[in-house]
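Read the structure below first, then the notes.
As written, the chains take the letters A, B, C, D and E, and residue 1 is the first residue of each chain.
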Amino acid sequence: MKKEDLLHLKGVSVLYGGVKALDKVDVSLRRGEIVALMGPNGAGKSTVLKAAFGLAPLASGQVMLEGRPFTPVVHEMVRRGVVLVPQGRRVFTRLSIEENLEIGAYFLKDREETARRVEEALAFFPALKKKRKLKARALSGGEQQMLAIARGLVAGPRALLLDEPSLGLSPKIIKEVFAKIKEINESKGTSVMVVEHNLKSLLGIVDRAYVLDKGKVVAEETAEGLRTSGILERVFMGKLET
Amino acid sequence: MTKTDAILKTKGLTKRFDGVRAVDDLSISIAKGKVTSVIGPNGSGKTTLTNVLSGLAEIDGGCVVLHGTVTLKKIRPFDMPSYGMARTFQEVRLFEQMPVIDNVLVVLTERSVFGALFERHGAFHERQAEEALKKVGLWEKRGGLASGLSYGQRKLLEIARVLAVSAGRQMDIIIFDEPFAGLFPKMVKTVSSIIRELRDEGRTVILIEHNMDLIRELSDHVIVMDSGRFLAEGSPAEVLERRDVIEAYLGE
Amino acid sequence: MEILSQLILNGVMAGALYALMALGFNLIYGVTRFFNLAHGVLAAIGGYAFFTLSKMLGLNIYLSVATGVAIAGLAGYGFDRLVYSKLRKRKASNLVLLVASLGVFTTAQAALSIIFTSQFQTLSETAGQEALSVLGGVVTRTQVIIIFSSLASMLGLAALLNGTSFGKAVRAISDDEEVARMVGINTGRVTGYVFFIGSALAGLAGILVGFDTGIQPTMGMGLLLKGVIASIIGGVGNIYGGVLGAFLLGLVENLGIWMIPGEWKDAVSFLLLIVFLVFRPQGIIKR
Amino acid sequence: MKKTFKALFGVIALISLAAGCSKSGKEAGEANIIRIGSVGPLTSDLAYIGENMKAAVELASDEINSAGGIKGKKIEIIYEDGKCDPKEAANAANKLINIDKVTAIIGGLCSSETLAMAPLAEKSKVILLSAGSTNPGITNAGDYIFRNVPSDSFQGVYAAKYVRTKLNKQRVALLKCLSDWCLGVNDSFKAEFVRLGGEIVGEEAFPQDSRDLRGQLVKIKAANPELVYFVSYTEGTIVGLRQMRELGVKAPVFGADAWSDPKIWESVKGDGDGAMYLEPANKAYPEGFVDALSKKTGGKEINVYAPRAYDALKILASVMETAGTDTVLIKKGIYGVADYKGIADNYTFDANGDIKNADYSVREVRGGKAAGAK
Amino acid sequence: MDYILHLATLVIIYAILGLSLNLVVGYTGLLASGHAAFYGIGAYSTAILTTSLGVNFFASMAAGIAASAGAAFLIGAVLSRFDGDYYALVSLGFNVIIYSVFLNWHGLTRGPLGIPGVPRPALFGMDFSSGVFFLALAACFLALTFLAARFVARSSFGRVLKSIREDEKAIQVFGYNTVYFKLAIFVISAGMAAVAGSLVASYINFVDPSSFTVMESVFILAIIIFGGLSSLKGSVIGALVLVLLPEALRFAGFPQAIAAQMRHVVYGLFLVVLMLYRPQGLFGEFKL
């Protein structure tokens, strides 16, 4: 384990109904980097995030935060500086955009600080700013996804876990979303772990990537390696050797 | 492909969820007696398409044409067999608290209330169920509850259910929604040979799948969807080489 | 004319009590998604807590009301901790929770009968209350207090839900429990508080019923069914809807008496429910 | 299936064995005891009446036993809960008759209890003496079935006559709860009142457990009657009288004998002033009786049926003093009771096992207390 | 001995009710909470037809079955639109409505006065008024009901019912119009409940509305939840235990005033503990 590791899954296995969704996986997120998790459907990418967040019970292995092992409990993760933005634009549709953002900083008891962070997040996503009083169900899919990310930002995370942020978004929006992610990463030093099938969009922003297949890590690549090794095509064609 | 071979066509088919167009003005046609794969990135609307075709999601616009003659604007789920269709589910929908064999037998009974109540030709059905279960290798497990099966076995049981129902009757169109996901290599082999057999019997197979190797291996024709819309179609070899298809998957 | 306005007033009064039941029921339903049948017995618990404090121990009336309401709230909170939260953790289905709540209801109601006997008790001391005349009908001071409390509870609850971070958490859980946990809300704890608040409202309803008519251990089921019907016809999970539904139910019942003999009142309210479920299942206000 | 039935019959056999043992155990060495059952609602809506009656029966049996019992034998009362539900009453009677081998049963209160027990008592030749069931249907329920409470028809007729002729009211509205007793009294009142040339201007009913009569009262108010004849038990009466006052129903109210429960007048305070009701014409209860019963119940309330329950056991005891424990003889003895002076009434039984005379007095509430009407 | 015969008869009547309700709740997964309504329709049919029209008991039972099934058909047509909590609530609502009819349709039911003097059956000169014979008769009807329920449960129809319980949408896709199946089993179950109703009316010789309240429905539900959902054996054992338990409590030496309430406490705790630790009941195959 390296010193700069912020979040580290060490030999983690997860069982779903007797089937190994993750099999002794070793994945880490270092300070300030953007890491991608890639692989075909059912490879266990999302499960990695869930395991780190307490949403999937560990059959074996450990999760470490800043070098210390701990048991992830979902509602305590935000306080610890780890935020998960779940798949599928899950915003609180019956709450207004502003309220969605305020909820993101639920653990903060300081109202002024919350308001400041909400403004900051809105400034980050001008599209949301105009609609701040609207109910979130009135937003388009792309806006909802941005709202979900913005909600995560309000918590001021050290580690941001994004599960398929581009799902169901148009290419233009996807570009925007990833540009924002990069911006967050650079301006705040937030570490990002992202599960993504839209691999090409990631190329410009990721520092490192893990390739998973059938619950196992089959490759770990640097940004450079991703471009040159042809691993992306192999993932797409399903030609990974396990 | 000429128009006459199309056993199933969609015309401007649309399905919305909360303002998101999961299937958007989709017009495709499925050739009779072939394996047609529908592919596309996550969230491109493939599963929604299967749900619309099987009546589990209402049609919001457009229609489905069967055998070139029957035009459907509204599909009720229990009409599926009368249209000659059967399907499996991506998120495995078994009758959990029932024995494995009953999961198969139940789909073979009379469809009418009185028919089912007084039905007594068990032996014939049991043979059909036995055959289907043996094909997927679950015959030994027939007595146990479905909930006791492993994930892969559960997927296989779904397939056995469809096999049994199509064996006795003229089920022309069989939809497999990600049948291979989460299967071990041996099971993958079983399922792909089942699909091939079905096609050889002259049935039409619609296959939703992610694994490109399997698609290449099994399908006669590939239709690509993206964001609910039709993107491309053609033989597996040509479609999978296309720039726009790869981009749809990998992003620009 | 006088009759009509009196019937309307009666309807409003009945509606105010139903509204209190519907508010609490709806609040709990919104967060937990199960039909909490034990909600009814909490009204009786509130009523008897007040009865014990005020009439048997001679405590100050306002203090007794406050304590009675709090005791009902605590009882509801306790039921959640002891039974429902355990079942929820096990991801038990709604029906399991419903049957369990029926068990809680039966046990608690029988316990009340054992402690307090089945005797009917009136809570209000005032005899021959001066009645206020409104639009040709009359209402008593107690009834004015009931209507006021009911509206105040609704407004208070609305303020709590919309104005505080706790309220936001409650609404977030009603919206998507899993994501609420992900953003750092201890949903188990918030749900416990919701049980407290909703049950306290039921307790208040019980005390008010006691002032208006009287209390009996068996009073819960009837009140609960009215509250549930009100919630559903108003729009389940929506607090304003529940209140609207409650007043509609109160009015229909009381105006219905004009046409149909009074003994059919219960049947009328269920017919109203069934008509709504068949023709407008989402209720007056959709969530 | 075989297993199921095996299990079923196994358990039944086991219980019969247990019951048999307990029975034989009781019989041995207890020959000096006469067992008598008592059935009434000890839970449910009418439990407050049932509890009161139970105390009265207890009082009577204490008195009998302390005076040396019946022919030297002590009596033992076994109380069972009839819940005002026919099935429950049948369960209770069955247990009393077959397990406890009672000679007689005092009860039930609700006519549904008595009617359900009647065939069982008749078949086993056990005396059934009800101190509270007033349904006319009981008159012909059987040879062994008695009651020392007048049938509903007496009181309805008496009230109708009083209202029509003495009070000279012409237009009357009826308000009744939905129970056998309420309906019985109400219907006999109605028939007699109409026969006497009166007019029923409104008739409203409410479920026995309903506590909101406002709708019904609004309609009655609109009918503008000269008097409201209101048949209800304690709870319904309390809320009904209050709500009448609230809604400004000005017509005088006339009630049935259930209103002799002092709890009503304590609860409604001044709201009951002016109300009148019937009470069986009894001499004032003896001082000692009221005190002794209050000691048993821990409260002052003495409802109308309690003294009759007390009388019922006393009548039974006096008959058994000569007839012994043979129920055929006891039955004959009860038919022969004439002008027995109880504390609630003077009883003479007719050939149907009902009491012959029914005399009432009218009470009027003033200043929160009931007193004889002027 | 008569007491035992009496209890055995009651157990049998409740076993019939349990068996019939289990077909809907246990096999089909619909939480029907208004079974007492159909029980009552059976009881009133026998009471009315035998007392005022002098109809033979067996004919009155047949009429009761028909009336109950007819009512169930109409009610079921509405109910089949619902599932889950709403099904429970609406079926309970229908119980309240039918109870109101029993209570308020004086011309037919005599309302709260009830109908006394319901005769015991007689057939070909055989008189069932003695306890033993009535028990035998009731046992015959239990056996018939059990066989009928087993026939239904083991038929293809029964298998479809179970699959509706498990995943209604999935079985629909295989061509079953589940609404008809739900309606059919509801009607069958109501008809069986009417058998129990006819028996109880004739056995107690008296019928009044108090026996057919929502609480009675809840009691029948408790029987099958305790005995086990989707288990015919469980229905019978459930009836046995829950009917005998309060009788046993008579001998338990509780103070009288508490005994009956203690019975409710015991039921309530039963339900809670069952849901917590064994949601499928004693012999159940199916968890709610």
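Simple rule for what comes next: contacts are C-beta pairs under 8 Å (C-beta built on N, C-alpha and C of every residue); 3 or more make two chains touch, one makes a residue touch a chain.
Computed from a prediction, not measured in an experiment: that's the story for all the values here.
Visitor: Check every other chain and keep only those touching both subunit B and subunit E; list them.
Guide: Output, common partners of subunit B and subunit E: nil, no chain qualifies.
Visitor: Starting at subunit A, what is the smallest number of hops through touching chains needed to reach subunit C?
Guide: The distance in steps between these two chains is 1.
Visitor: Per the definition at the top, count C-beta pairs in contact and tell me whether C-D or D-E has more.
Guide: D-E is joined by more C-beta pairs in contact.
Visitor: In terms of CA centroid distance, which chain is the most far removed from subunit E?
Guide: Of all chains, A has its centre farthest from that of subunit E.
Visitor: Farthest chain from subunit C, going by mean C-alpha coordinates, please.
Guide: The most remote chain is B.
Visitor: How many angstrom lie between the centres of subunit C and subunit E, each centre taken as the mean Cα position?
Guide: 31
Visitor: Please compute the C-alpha centroid of subunit B, do the same for subunit C, then give the distance between them in whole Å.
Guide: Averaging C-alpha atoms per chain gives centres 49 Å apart.
Visitor: If you average the Cα atoms of subunit B and of subunit D to get two centres, how far apart are those centres in Å?
Guide: A distance of 72 Å separates the two centres.
Visitor: Would you give the residues of subunit B that are in contact with at least 2 other chains, written as numbers and ranges?
Guide: Expected reply: no residues.
Visitor: Which subunit E residues sit where two or more other chains touch them?
Guide: Correct list: 103-104, 257, 261, 287.
Visitor: I need the residues of subunit A touching at least two other chains; which ones are they?
Guide: Answer for subunit A, listing residues that touch two or more other chains: 93.
Visitor: Which of the chains touch, listed as pairs?
Guide: All touching pairs, sorted by chain label, are A-B, A-C, B-E, C-D, C-E, D-E.
Visitor: Which part of subunit D faces subunit C closely enough to touch in the complex?
Guide: That would be residues 43-45, 47-48, 51, 178, 204-207, 209-216, 218-219, 221-222, 234-235, 238-239, 242, 245-248, 267-271 of subunit D.
Visitor: So in the complex, the part of subunit C that touches subunit D is made up of which residues?
Guide: Touching subunit D: residues 2-3, 6-7, 10, 13-14, 113, 117-120, 122, 127-129, 131, 138, 140, 209, 213-214, 216, 218-219, 222, 253-254, 257-258, 261-263, 265-266 of subunit C.
Visitor: Subunit A touches which residues of subunit C in the complex?
Guide: Subunit C residues touching subunit A: 165, 168-169, 171-172, 174-176, 178-187, 287.
Visitor: So in the complex, which bits of subunit C are touching subunit E?
Guide: So the residues of subunit C in touch with subunit E come to 34-35, 83, 86-87, 92-100, 102-111, 113-114, 117, 221, 225, 228, 232, 261, 263-264, 266-267, 270-271, 273-274, 277-278.
Visitor: Going by the contact rule set out above, which residues of subunit D touch subunit E in the complex?
Guide: Touching subunit E from subunit D are residues 1, 3-4, 7-8, 11-12, 15-16, 19-20, 22, 42-43, 51, 54, 79-81, 83-87, 90-91, 94-95, 97-99, 111-112, 115-116, 118-119, 124, 135, 137, 141, 178-180, 182-184, 205, 207-208.
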